[in-house]
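Since the structure comes first, as structure tokens, the remarks are kept for the end.
The letters A, B, C and D name the chains in turn, as written, and every chain counts its residues from 1.
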Amino acid sequence: MMIPYKQQTLPIEKVFRDPVHNYIHVQHQVILDLINSKEVQRLRRIKQLGTSSFTFHGAEHSRFSHSLGVYEITRRICDIFERNYSLDKVGIGGWNDQERLVALCAALLHDVGHGPYSHTFEHIFHTNHEAITVEIITSPETEVYQILNQVEVGFPEKVASVITKTYPNPQVVQMISSQIDADRMDYLLRDAYYTGTEYGTFDLTRILRVIRPYEGGIAFAMNGMHAVEDYIVSRYQMYVQVYFHPVSRGMEVILEHLLNRAHELYQEDSELFDSNAQLLLPFLKESFTLDEYLKLDDGVLGTYFTQWTEENDPVLSDLAKRFLNRKPLKSATFSGKEDQLIIKKLQQLVEKVGYNPRYYTAINSSYDLPYDFYRPEQGSHRTQIEIVKKDGTLIELSQVSQLVSALAGQQQGDERFYFPKEMVDPTLRNHYDLFEETYQEFSQYIRNGALVNAQS
Amino acid sequence: MMIPYKQQTLPIEKVFRDPVHNYIHVQHQVILDLINSKEVQRLRRIKQLGTSSFTFHGAEHSRFSHSLGVYEITRRICDIFERNYSLDKVGIGGWNDQERLVALCAALLHDVGHGPYSHTFEHIFHTNHEAITVEIITSPETEVYQILNQVEVGFPEKVASVITKTYPNPQVVQMISSQIDADRMDYLLRDAYYTGTEYGTFDLTRILRVIRPYEGGIAFAMNGMHAVEDYIVSRYQMYVQVYFHPVSRGMEVILEHLLNRAHELYQEDSELFDSNAQLLLPFLKESFTLDEYLKLDDGVLGTYFTQWTEENDPVLSDLAKRFLNRKPLKSATFSGKEDQLIIKKLQQLVEKVGYNPRYYTAINSSYDLPYDFYRPEQGSHRTQIEIVKKDGTLIELSQVSQLVSALAGQQQGDERFYFPKEMVDPTLRNHYDLFEETYQEFSQYIRNGALVNAQS
Amino acid sequence: MMIPYKQQTLPIEKVFRDPVHNYIHVQHQVILDLINSKEVQRLRRIKQLGTSSFTFHGAEHSRFSHSLGVYEITRRICDIFERNYSLDKVGIGGWNDQERLVALCAALLHDVGHGPYSHTFEHIFHTNHEAITVEIITSPETEVYQILNQVEVGFPEKVASVITKTYPNPQVVQMISSQIDADRMDYLLRDAYYTGTEYGTFDLTRILRVIRPYEGGIAFAMNGMHAVEDYIVSRYQMYVQVYFHPVSRGMEVILEHLLNRAHELYQEDSELFDSNAQLLLPFLKESFTLDEYLKLDDGVLGTYFTQWTEENDPVLSDLAKRFLNRKPLKSATFSGKEDQLIIKKLQQLVEKVGYNPRYYTAINSSYDLPYDFYRPEQGSHRTQIEIVKKDGTLIELSQVSQLVSALAGQQQGDERFYFPKEMVDPTLRNHYDLFEETYQEFSQYIRNGALVNAQS
Amino acid sequence: MMIPYKQQTLPIEKVFRDPVHNYIHVQHQVILDLINSKEVQRLRRIKQLGTSSFTFHGAEHSRFSHSLGVYEITRRICDIFERNYSLDKVGIGGWNDQERLVALCAALLHDVGHGPYSHTFEHIFHTNHEAITVEIITSPETEVYQILNQVEVGFPEKVASVITKTYPNPQVVQMISSQIDADRMDYLLRDAYYTGTEYGTFDLTRILRVIRPYEGGIAFAMNGMHAVEDYIVSRYQMYVQVYFHPVSRGMEVILEHLLNRAHELYQEDSELFDSNAQLLLPFLKESFTLDEYLKLDDGVLGTYFTQWTEENDPVLSDLAKRFLNRKPLKSATFSGKEDQLIIKKLQQLVEKVGYNPRYYTAINSSYDLPYDFYRPEQGSHRTQIEIVKKDGTLIELSQVSQLVSALAGQQQGDERFYFPKEMVDPTLRNHYDLFEETYQEFSQYIRNGALVNAQS
């Protein structure tokens, strides 16, 4: 008799050495097959942190590693739930281990739709990695779909519904997507490991000791409150120190201007990129198939940027060089409306020395980045963190932790004006420069890294 | 008065966060400029471990990170030498800190000539990364040269001579290139960190405590003998466990056959790659400039492989898919001449089921890999490890360490025959396959991962 | 010519392997001699964390290890100050390296007057470890004094004045005693390492990168603000999780009652302890010499406790057993005056089942413990943490960090009522117990670990 | 219905934070009760490494921590065996989980009979910690016995038979006592952690992945051979670097002479120690009960040594001071018979300057220490390490590992002659010393830390 694919476990558990979790343990044939699918393997060619590796040189890890990590944390949570909080032990609110496979698949695949430098790319070309994730999972032509569909009819859609948060079991949904989910726990630990910062390091073992299912999802035991606090602080530190780093954003601004310039040039001359951006063409014309999307990766963009360094358009070739050779725009913080006039003035000065401000200045706000702090009051799209008191009732974390309450109430991040470093750094300019006065004027508007009124 | 460039130190030391060394400390303007040069930045786009990241998914770090690490270890050695063993303290055999800058530059640049998957690429296209390193350092058109040449006339050549080991001061040469040099120490620690193995971890702090200069180069104090032993054992473990891993070699074999096939096809039809391998053309025609070489990186190869998956040539497109989607050839060990007949037989069987053995089988020996064990008796190109006894005389390490003596005498590594996994794994074949008998026959020749005589 | 003792450095720097700082580096003969003095060696026999090791079994490290650690951090701060902020580089507010030796000696000796379980012992016997530290440093009969006095006349008094914070250079004083001093930095890291918690782990390397001297003491660069924040959070976590742990306090309460009982019994019969507490006699009669004090250590108390387990007085022998065999009193939190009545009631019930509440109950407040949070508004005895802005002006940390501001404003810690565990744990009682009803009544007053009104 | 004690598991698993294993997990009431027994708690007062903490100041951990660690590793092995190699899965040679409790108890209790500085103490007073371990487990008056006896009649004897290796199931015996047992694995990792050396660090996770039961005991899968190699190398490094450290042995020699001197003095005058070594009296008279033995600990010895510093016997008081204040004897290596004459000469010189060589010199061989290397050829009392080949047959480790073969064949350790440091260190002598010539003569016999013929 054949064992149904769904239940096929490997004769001997397979492991992948992982620097963050020590080992990734694979027990199901389905999971092994998904890992070996071409759509998942493609994630090896897409960096997890995009332009952050220009600031933290160690952080060159891929979305592939992260996906394995999210899978592994989910697997460990399932193990704990099954051992201590199974339905038959606990009754209502307990864990039903029949849900394990759908949870594991969703964990492994949650980022499978990401493309190169997603945040910026999506902005310019109007793609959407979440929609594509769902498409990869549910389109009959993908290997991922074919594997999932062997499990049972409708299984791909089930997995996709976890991603879209419409899956009926909130425990499964919250494992993959909530304030303390496998996704965030892996990326904080992994990004901390690879950047070499210690801020992101929280005590995963301890969190896993106090995590538990309840009817409405996932909660944490009161005696683990400090472990959860520690996680929130780590997250805060990683955002402020790593994800919002002004230099990484200075590279992202260049990437955005570069792709934007290419997009504009294509609209002027649709044959311009025939020989030096072939795989990008569907996106330049804003009409692409899933198969075309799956051909993109960091290396593809990099290859075209290399070719563009020799293009005639001076903006395109200069921005391509700045990106490849890591020449970020420099920045100063600003705040409020009164600084808008200064920004306008500075843009004029940038133009005066010969740079088109459209491509050589930018306003960038860390609030636009795809990271959010824990803000329980804005209960909109992310769940709250629930703490289980000794008598079994729940209470939202910031109600019991003044530390978290303080962080949750804070406005984090900043807004920055970006401009060419030459404007303020004489060593990058020629000794005899016609615009010396303009540079001097520009510099007067910046003090201690912030815009100031030059008169003051 | 202008401070000579050579002596320009940064007003405040600049640091780069590094997961292996905690911080990379930069004190000279020259070093900062070199790091920011485009030739060095290019190393961000070339993986340190090539196909090993297919086996150890965490090991996605670049040659850029490694270059910073080698620089940092060299800097620390210089600090120690200057503090404890300066020429004026120690006399003959002491360290002359005037050598510091040449040592630091050579350390940072020692791998600057590497291209994508160097080992394989060089094999097919007859490039040579060491020669190109020297060329980058000494060619007036590179940014690296221009920076070095500001230090003083002839300085680029000085730095290059450290790489070629013709620099007169053996201490400087051995810092960069000897049995325990900054290069190896960084790559062992870094590769261990990123693969997540603990084998490569030796006690760098302790090694640095016992390293010292002498007239003939660099030696180690007797009381640190066990730290040096530990380093040798770590190195052995990393070679056996990581660098010689059969799966990584199974991917390298595919890469080699793929590039080889492209090379052959180009010779048949020189226009075939005009639109899908533009930056590779100079190498296909085996005539390239330095500028063309510097345009290559891992992503460029990957982009063309993606395009080749849709080429007409079935071998080219199939091998490209196998590489991108990580489908390594499988292998079995063999030894000696008697197995040559078996290999011939197996190649016939592979051919019988439809694979051209030229592209789907291979013989791969770990001895060909660019890693060497410590073999003091073969005093040829690498130096010996010298231990300083209490009375100041030197003795070669394996004379005092039985552990090292045992490892040094051993023949490490293995020879493997590679073939398509389908030959032995029925789950990869169709249920009804015409060649079932051939597969059966093939399988008889392999037992416990080694070739055996089918009759036996 | 003789080199003055003050300037005698070791021909080769001596190191001690240390799990927290990797190596402790000793460069001065004075420091090596102090470490080898009998007063410092005595610290090996006194646990750093007292009764906390009953909760965290790994935390068995001594005040000796901690003293070396404080010395090492101070040494590193001096190195940084000398390299980057020396008087001749920086002018006023710079570091005068002539201060190094006095700083190092004070760091090493800052805890030399501690006795066994100081906090409790001092409470009962009215000793004072700070006064004794000064006495050890300045009394001609100690080895410590004799070593310091060789440096120069008046040097012991100089070192002592750093301890008493009357030394004129505030940089030296603040190295040893301020909100972020070498003392706290070492104990947080060391206690975290030995307990195995990760909360106390902050980034020492980063703190040392941003620490700097100024005229009024020691400050931190603005760009290191987050490292300082992280330190404050670690400290908070260690207090709440480790130092205030209710079980450790439950052991401390037993120790206090035990010593108190011995004290009382001695007052009744001064010959009682002649043969089983010889070295304690001077303290029981509250008249002791320095020499007698220096004979005390954890093992001496433990030895007498072992002997007391066979004494006739049932309270003395029972409490001694409870301490040696780790039977802590249990506790419940309470707050405010309204709980005083409940406590009175509970003490009556404890008495009813046969325990004298004087020895078997206690009120213990974490506020009495020798740890203080960062409370800048109470600028009394500890300094504030000053941050140096880019323009060189100073600002107090909680003014720029909402996280610290939140923690600084919080009331931490708790008050607890301690009682015999038997009162609430039936497994510790006989099956048939006359007082079952009393136990039941007692239990009604405790819910979720806190006192409650039984009626409610 | 009552659940039998044997099967009582805790409603919620209890954990102890442990720096080496992260958490110690306790699931059985029996284990929790054993940990809380007074005989096990006593181990908190006995250092794991004895005099080694005088050399490695961080290594102050107790036998209590180690006992918990051995328990935890055993628990993990049982979990793995139960999950993957249970009797019903594997058949003969599989693991019977009924054996778990006896294995866990034996693991926790394997060292419960240790006293203070066992190795030396036993030598002088003819106690035997293994016999006492058995006695504690099987004597009705101990708490340990009473707990074990509740499990089932005869259970204490069963546990004891694991310690004495007469228990019929070799898997259980080898978990606690074999070449790679839970005992050694814990002490190597723990001693490495606490000393701060990195040598002892091997990959426990990987070892646990490849460990498996077979009919004759415990073996390791071939694909984990390198993990086992690594363990053997770590063990070698720890012996050579930590356990055989000459300074620790120099302290042990002093301890031995001190206890020996006390023993002799007692034989001369049996009342001498009435008031300053009460708990030691039974041992001085060589007639002690188990209860008396259980009163001993490191602190008891230390207390008496403190009292002895003021005794009249100059040897007793001087050696006590040397021990408390860490003044080790110094040493030189020697080898073979020809050095016996030199030693005799040196002893005469030591005597000439006033030291009795019986108490101030010693011959100490690392071969006498209770650590043994892996020596498969001496298959006597310890088992061999068996590797499971792919076809299921076993092969002894050194047959497949040249590294291990090299280490196994080596003669490790050394023999040393110990003498007062004053003999060779002028800074410890008076400026004007009558015996200067004798010291000079003495010094001629020592070169590079070894005895040499003075004439040569």
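Keep in mind that, in the parts below, a contact is a pair of C-beta atoms (placed from the backbone, for glycine too) under 8 Å apart; a residue touches a chain by one contact, two chains touch by 3 or more.
Because the structure is a prediction, the values reported are computed rather than measured.
J.: Comparing B-D against B-C, which pair counts more contacting C-beta pairs?
T.: Counting C-beta pairs in contact, B-D comes out ahead.
J.: Which chain's centre, taken as the mean of its Cα atoms, is farthest from the centre of chain B?
T.: C
J.: Please compute the C-alpha centroid of chain B, do the same for chain C, then give the distance between them in whole Å.
T.: 51
J.: Quick one: report the Å distance separating chain C from chain D, using the average Cα coordinate of each chain.
T.: Once rounded, the distance between the two centres reads 31 Å.
J.: Could you please state the distance in Å, as a whole number, between where the Cα atoms of chain B are centred and where those of chain D are centred?
T.: 44
J.: Two-or-more-chain contact residues of chain B, please, as numbers and ranges.
T.: Within chain B, residues 22, 197 contact more than one other chain.
J.: Okay, in this complex, where on chain A does chain C touch?
T.: So the residues of chain A touching chain C come out as 197-199, 201-203, 226, 229-230, 233, 236-237, 240-241, 389-391, 402-403, 405-407, 410, 447-449.
J.: For the complex, give me every residue of chain C touching chain B.
T.: Interface residues on chain C, with respect to chain B: 15, 22-23, 84, 205, 209.
J.: Using the touch rule from the top, collect the residues of chain C that touch chain D in their complex.
T.: 16-20, 22, 36, 38, 41-42, 44-45, 53, 56-58, 60-62, 64-65, 68, 193-197, 275-276, 278-279, 295, 297-303, 306-307, 321, 324-326
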